[in-house]
Amino acid sequence: MRKVLRLFSRELPFVSSLPAIVWQFFFMVAPLVIIAYYSVADSSSWLNISFVHYKNLFESTYFKVIARSLFLAVATAITGLLCAYPVAYFIALRVRRFKNLMLFLLTLPFWVNFLVQIYAWYFLLERNGLINKVLLRLGFIQEPLLLSNSLFAVFLVMLYCYLPFVIMPLYSTLEKIDHRLLEASADLGATPWQTFWRITVPYSMPGVKTGLLLVMIPAFGEFVIPALVGGSKYMLVGSLISYYFLAARNNYAGAAFTSLSAMVLIGTLLLVIVISRLYSLRKS
Amino acid sequence: MGATRTFVRIILFLLVGAAVYGFLRIPELIDRIVPSKSINVLVWPNVIDAEHFESFEKETGIKVRLSYFENYEELLVKMQSGMGDYDLVMASDYAVRTLIASNAVKPIDKKRIPYFSDIYPVLLGLSFDPDNRYTIPYSWEIYGVGIDTTYYKNVLPDASWALLFDEKVSPPHVGMLDDAREVVSIVALYLFGGKNKQITVDQMKQIGQLLRKQKKRVAMYTDLRTDYLLVSQAAPAVLGISSDIYHAMHEYDTIKFLLPKEGSFMLMDMWLIPKETKKDDWVYQFLSYVYQPEVMKNYADRYNFFPAMRGVTSDDNRYFIAPTKSLLSRLHLFDYEIPEQQMRELWIALKS
Amino acid sequence: MLHGLWSRFVFPIFVAMFYLFLYVPLTVLTIFSFNANKMRFDWMGFTTQWYRALWHSTEVWHALQTSLVVAGASVALCLTMSSLFIFFGSQRTVRRMLLLFYGNLALPEIVLAVGLMSLFYFSYVPLSMTTLIAAHTVLGLGYVVPIMYDRYQELDKRYVEASMDLGATAWQTFYRVVLPLLAPSLLVSALLVFIISFDDFVLSFFCASGSTQTLPMYIFAMIRSGSSPIVGALSTVLLLMSGLVVLIMFALPGRKRGLW
């Protein structure tokens, strides 16, 4: 008996690592395997493999949906980056006195529930919302603009919700840049512009990459924002997946579409990574 | 030594795996071991909620656990897979047909529902359950066109589906429902009349064309916010269900509900009792509670449906529609036979 | 000099507009939560009735309770499992398996959500509060394991070695040496998982049963049905609570390290 106990207690490190690993396998790996399985399963018997679900997807409708999602995700990420970079730069490298306060104000929206963020935009975008009221009052427009329930609204709200995701890694990286490098560059006669392009930007690249990824991947699968501010008029990858699984209750087609979209996303990302690697290889 | 070690490891792995799996099924276990005095009720949103159950729970000690479903498919999946263990469900139209056909519900004991005689007779005996053996009507609603009279300068337009579908009479912005089955049925009624219940693939193509042409005029596809479109003046004409539009009508006098002359659809919500339940006593007690006029009035006021029971007077009775034979002759149920795959593809293509 | 112009005017203006963009929606939301108008957005007078309605709504309290239970359970499970994994597991296993935990960020949440839904459907596990907790826990693991691994690596191993040399068991070493040193990180991780679980919508939408409703699910259902200014009041309350949390985070000592 004691020997058995000793056998088991020797495996303590193994047992300790077991729960987390088993959990991850059950609830992260297994779902993906199931999706892959359903995408090639035949509804008749569980042994047959059939690609009919994928075949059904090779129509322009589905590619349009995927392309639109990809475009939206990339647009959100890049616009977010362009807006966030100056701000992160400013706070990290140019502000001295109110740094903590500005950081606090920057962090706060990140921790607000994103449904609350979306709901807040209703008050601005709707037909008798604030933006229309202000523009009408100032005489810029005669008729209220139709801002909500459009792709533009979806883009705007996505930008708003995902901005914190891009600004945080960016700021974190920019803040860690050694000031002495910048000082040295200035001492050696570089103009501020040159210092920026040759020192700051390259050193901020890790943050930029993280930020872009942190936005692109979730934004690609977003379905809440199109449902609430898109007027349900435009199907994106997320909405279509949701439609298959919840409304149409078709697990097979849904799984096939999910896999296809995931593959497109991963493929695109890999492509970008490969291209950037080749580019940096060529430079050096 | 290596073999024992691996053996031990496998045992540990299985133990942990079993623990995780067991964790997932804890609520079930708890339900089975600790029999609570409760019933599981499956409904869809906007007909009933837990806000008025307190007095029932206090009186009888029975806890009512409400679950919601969003659409028929979800209801059928939940019922047929046996996952969920419901004691009472609410369903309408073809879902009822399917449930009865698949033997998932048990007959109602008429002796235990004395209020049955208070239900409008014209709502009984409908095609999916001719003798009301399995169903007790709870509420009903009509589909129609909600309009904002300020846009129409207080002149009511001709009550017709053309207000939504015909470019010549339709306003530049309309609101539509977001349910494929309902929209396809309504367009089919408008294009082909209601005689033939079967929709062919060719007809589906025509329906798809009309919807695609309409899309640029559509402000929003929504199941639940049609009243909001009217109120915010985003769309002067919307396809909506009476409960939503009535919600707006009670607040704003400028909103009106039109029943199209081509005929329309009605939705009837009824209670059914799943076959496997053993809590019949409690279920009937709950039903008696719900069918008390004051209780039903609360929900009818809140959700603006037409109660199936007579004698339920709400505070604002201006637009109350009593079910009559002539009215019901103009209303259809959603019992068209629509080819599933075409409907799905049509809907996805419409939204892309 | 051009640079002076940038530094003095363009930059600050841009940054100011950025902050405006961030805060105008939230401010408007707060102000309009006191609007007496039920359906439109015109201002009809100041009122706190929506807050009172919020206080009396049984559904909101129920959803809040569910959210708290799910979040609390997720935090407990997540921290326990990751602590066991990182501190007690053999370092070799940890290093090899670490990659497994990065899967979280590699795919959109909806893929995981439908995958889990399909998994439960496939193995005849009925959806319930525990399936939801399981989903949130796996989400949390993806954040906590990498973070705690980093922190643990940064820990000066000599403390651990010294403790073992002095005769302490693994448990004692953990309890008296590792835990106090890593307490701040553990606390921050706990807070992170709690908030991620509390705020999560996508997983909850797919993996919870019909009767389990978390607060975000309730808000989504309310927004979708276009009704009730109660959502406005609730949103403002949540906004204030988020502000409080961030304030606490900023007030904690050792902010240098921080989360980022």
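In order of appearance the chains are A, B and C, and numbering begins at 1 in each one.
Throughout what follows, contacts are C-beta pairs under 8 Å (C-beta built on N, C-alpha and C of every residue); 3 or more make two chains touch, one makes a residue touch a chain.
Here the structure is a predicted model, which means the values were calculated and not measured.
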What is the shape of the graph in which nodes denote protein chains and edges denote touching chain pairs (line, ring, star, complete, other)?
complete
Comparison of A-B and A-C by number of C-beta pairs in contact, larger one
A-C
Could you state the distance in Å from the CA-based centre of chain A to that of chain B?
35
How many angstrom lie between the CA centroids of chain A and chain C, rounded to a whole number?
16
Set of chain B residues in contact with two or more other chains:
20, 222, 232
Which chain C residues reach two or more other chains?
40-41, 121, 134, 224
Junction residues of chain A - those touching two or more other chains
14, 19, 23, 26, 126, 128, 246
Within the complex, which stretch of chain A touches chain B?
7-8, 11, 14-15, 18-19, 22-23, 26, 61-62, 64-65, 68, 126-128, 146, 148-149, 231-235, 239-240, 243, 246-250
With touch defined as at the start, can you tell me which chain C residues reach chain A in the complex?
3, 7, 11-12, 14-15, 18-19, 21-26, 28-29, 32, 40-42, 80-82, 84-85, 87-90, 93-94, 97, 100-101, 103-112, 114-119, 121-122, 134-135, 137-138, 141-142, 145, 170, 195, 199, 201-202, 206, 216, 219-220, 223-224, 231-232, 235, 238-239, 242-243, 245-247, 249-250, 260
Provide the residue numbers of chain A that touch chain C in the complex, in ascending order.
12-14, 16-17, 19-21, 23-32, 34-35, 38, 83, 86-87, 90-91, 94, 100, 103-109, 111-124, 126, 128-130, 160, 163, 168-169, 171-172, 191-193, 213-214, 217-218, 220-224, 227-228, 237-238, 241-242, 245-246, 251, 254-255, 258, 261-262, 265-266
So, in the complex, the side of chain B touching chain A is made of residues 4-5, 8-9, 12-13, 16-17, 20, 70-71, 73-74, 77, 173, 178, 180, 215, 218-222, 232-234, 344-345, 347-349, 351-352
Contact set on chain B toward chain C in their complex
20-21, 23-28, 40, 42, 45-46, 49-51, 65-69, 78, 81, 83-84, 222, 224-225, 227-228, 231-232, 247-248, 251-252
